[in-house]
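Listed after this line are the structures, all set down as structure tokens.
Two complexes are shown next, each including subunit A; its partner changes from subunit B in the first to subunit C in the second.
Coming up: the complex of A and B.
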């Protein structure tokens, strides 16, 4: 049962969409419902010890899980597909912008910023295709970003924040380090962000 | 309206609006007007909240324009060449190479603890959205398992009946042979006439197969007639001794008959 669950989780994680407990119960555990937590714990341990991956429950109410890497990425070793790499590039840029602007930005502000990088919501991008879909749907579904409507706005506006996956896979400290590197400054240059990052 | 103007941290428009609302409220004597006033307060407080947020983020001012330019530099922008795009009016000139986002991505990966996506090396099923795909896979596996378990049980049954079928066929053929002989004794039947099914090669082979049992068991015998063609006739049940010797003699002869489809035709 445990190895079935491990395989199930690994395959389900391909699209980086969080895995629901309901799916686990239905497809893997089935009749062994009572042993659910035991099986999940054991699977978690296997993932950790064999693959160096961590099974994290990001929503304790709706019971959804993601897989993250326990190990820091080592320099220069990547077998990563280009599409994935490019998306992560865009994502990091967005996460940095959100953090540096106080953890929450309006969608109009975000698109204004991406405009400067030649990324437009209404225009098909050479690399990302439908960027609006990528940012507002894919990244949100994968829990990298969280979007909430701003009340009493017409036409409705949204605000963007970090999603639970972003919180787990990276940190404010890492992101601040990135920004500092890009701008050739010391992270302490931005005092409040620096203290918030707990660095 | 004028939301942006009110949000501007340097403006006092929000305070002014609140003060005016206070004055107006003194003149209110109908419920509807009070309701409007309440609505106004809700909007005002939302704006107030947003203003407070903006204040916080301005504490360590972050220049996003400079950040964007530094990002472009990192991605390898060439500012000496001008890119031929139609929106180049509001974008600073410069040629962004096609691997710009690759470069960004390479750097970005270092900051994420992302589980590498798991793929079967040899591939298994066609790639489709994972949610339905997983369910189909699981169901297929489950149903295949059950089907296999049912199979051995079925096969066993078939095997048994197969044996009986052969015996029955052999008996049937013997009876046909005997009947024929009863009607017309002393006229052996041509072997080929007996076994060949003009419509089916497979049936012919089966017939030969069944006849061979009869021969083996000594219930029929094959001889060559004057034309050197084989004929078949049932053996007459006779005295024990004779039969034994004949059966004994018969048993030592083996014949291999080959027949292919062309010959059969």
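Coming up: the complex of A and C.
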């Protein structure tokens, strides 16, 4: 059972879509419902021990899980499937922007910022293709970003924050370091972000 | 040849993660990766110990019915590594990535390839199959697109409009193919692994991989079948 669950989780997580407890029960655990916790815990330990992946429950109400990488991303890492590297680059820039702006930005502000990088929501990007879809759908579905509607706005506006996967896979400290590097300044330059990052 | 169940280190885990994400990794790339992982995670590195390194990982993968397996490419004779699922469940990895109808097309294409003389199925034959699928008919344009995806994802490889199984597919599905196509699937007479593309002896019918043929006949003045000793009629690659 445990090995089946491990394989199930690996396959599902390949697409970075969160895994629902209901799916686990239906497809893997089936008649062993009573042993659910035990099986999940064992699977989690196996994933850590053998693959260096951590099973994290990101929604304790709806019981959804993701796998995050325990291993530090190394320089020049080979994980370059399907424009992964470029997408992660864009994501890091977006996460940085959100953090530096106080952890929440309006979608209009985000797109204004991306304009500066010649990334436009309406236009097909040479590398990213449909950027609007990438940011608003793919990154949100993968739990890297979280989007919530701003009440009483017409036309409806949204705000963007870090999603639970971003919280687990990177840190405010890493992001601040990244921004500091790009701007050629010391991270302490941004006092409030620096203290928030707990650096 | 016993291997002590050595501990997994982060270097092993990193290596495994990258292998899984690559789908298939060529031999020299795997060696470079071995070095990269050991250096990144500060683990003792010996350049000739890749096999032991992999064995350690495999000893931990075994209870999960998984394994890092080495296979030889039928095209260039080079070694490739892939992480395979040993449980007898059919095409497990593919099952989550493709729809029911795409899987049916793949299985039928695989039938054509394995039953063929030379290990290839022409695109025309495959497109004709698309028309006869049980799940639902597939239009030619759609089938062409699906074939393209199979090639991109390294399940099939294409040469001059003809399709054969990619090395990755052969490594991952060797057991499945050997058990499900028992009477038809050919094994190479030299290395005893599954042979999809092969040269066949006209007299006794044994088959050999092209790289195996090349190696076997390299030292011989007159190529003769290793089994029946008749003159080998195919062109030595």
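Quick note on the criterion: the second predicted complex is superposed on the first by the 196 of 199 C-alpha atoms of A that agree within 3 Å, B and C clash if a C-alpha of one lies under 4 Å from a C-alpha of the other, contacts with A are read in each partner's own complex, and residues count from 1 in each chain.
We adopt the following convention: contacts are C-beta pairs under 8 Å (C-beta built on N, C-alpha and C of every residue); 3 or more make two chains touch, one makes a residue touch a chain.
Because the structure is a prediction, the values reported are computed rather than measured.
Contacts of A:71 after superposition: both subunit B and subunit C are touched. When subunit A is checked against subunit B and against subunit C, the one touching more of its residues turns out to be B.
In the superposed pair of complexes, A:172 makes contact with neither subunit B nor subunit C. Legend: residue contacts after superposition of the two complexes on their common chain; A:50 is shown touching subunit C, with no touch to subunit B.
Using the contact criterion defined above for the overlaid structures, shared-chain residue A:143 touches neither subunit B nor subunit C, since it reaches no partner. In the superposed model, A:11 makes contact with both subunit B and subunit C. Of the two partner chains placed by the overlay, only subunit B lies in contact with A:118; subunit C stays clear of it. Subunit A residues in contact with subunit B (one complex) as well as with subunit C (other complex) are 10-12, 14, 51, 53, 69-71, 78-79.
Partner subunit B is touched in their complex by these residues of subunit A: 8, 10-17, 23, 26-28, 51, 53, 67-73, 75, 78-80, 82, 84-93, 96-97, 100-102, 104, 113, 115-118, 120, 126-128, 151-152, 168-170, 174-175, 177-179, 182-184, 189-194.
Here subunit A touches subunit C in the complex through residues 3, 6-7, 10-12, 14, 46, 49-53, 69-71, 74, 76-79, 81, going by the rule given at the top. Listing the residues of subunit C that touch subunit A in their complex gives 8, 10, 13-14, 16-18, 20-22, 33, 36, 40-41, 57, 60-61, 63-66, 85, 87, 92-93, 96.
Subunit B makes touch with subunit A in their complex at residues 42-43, 46, 53-54, 56-57, 59-60, 62, 64-72, 74, 87, 90-91, 96, 98, 100-119, 129-131, 134-135, 138.
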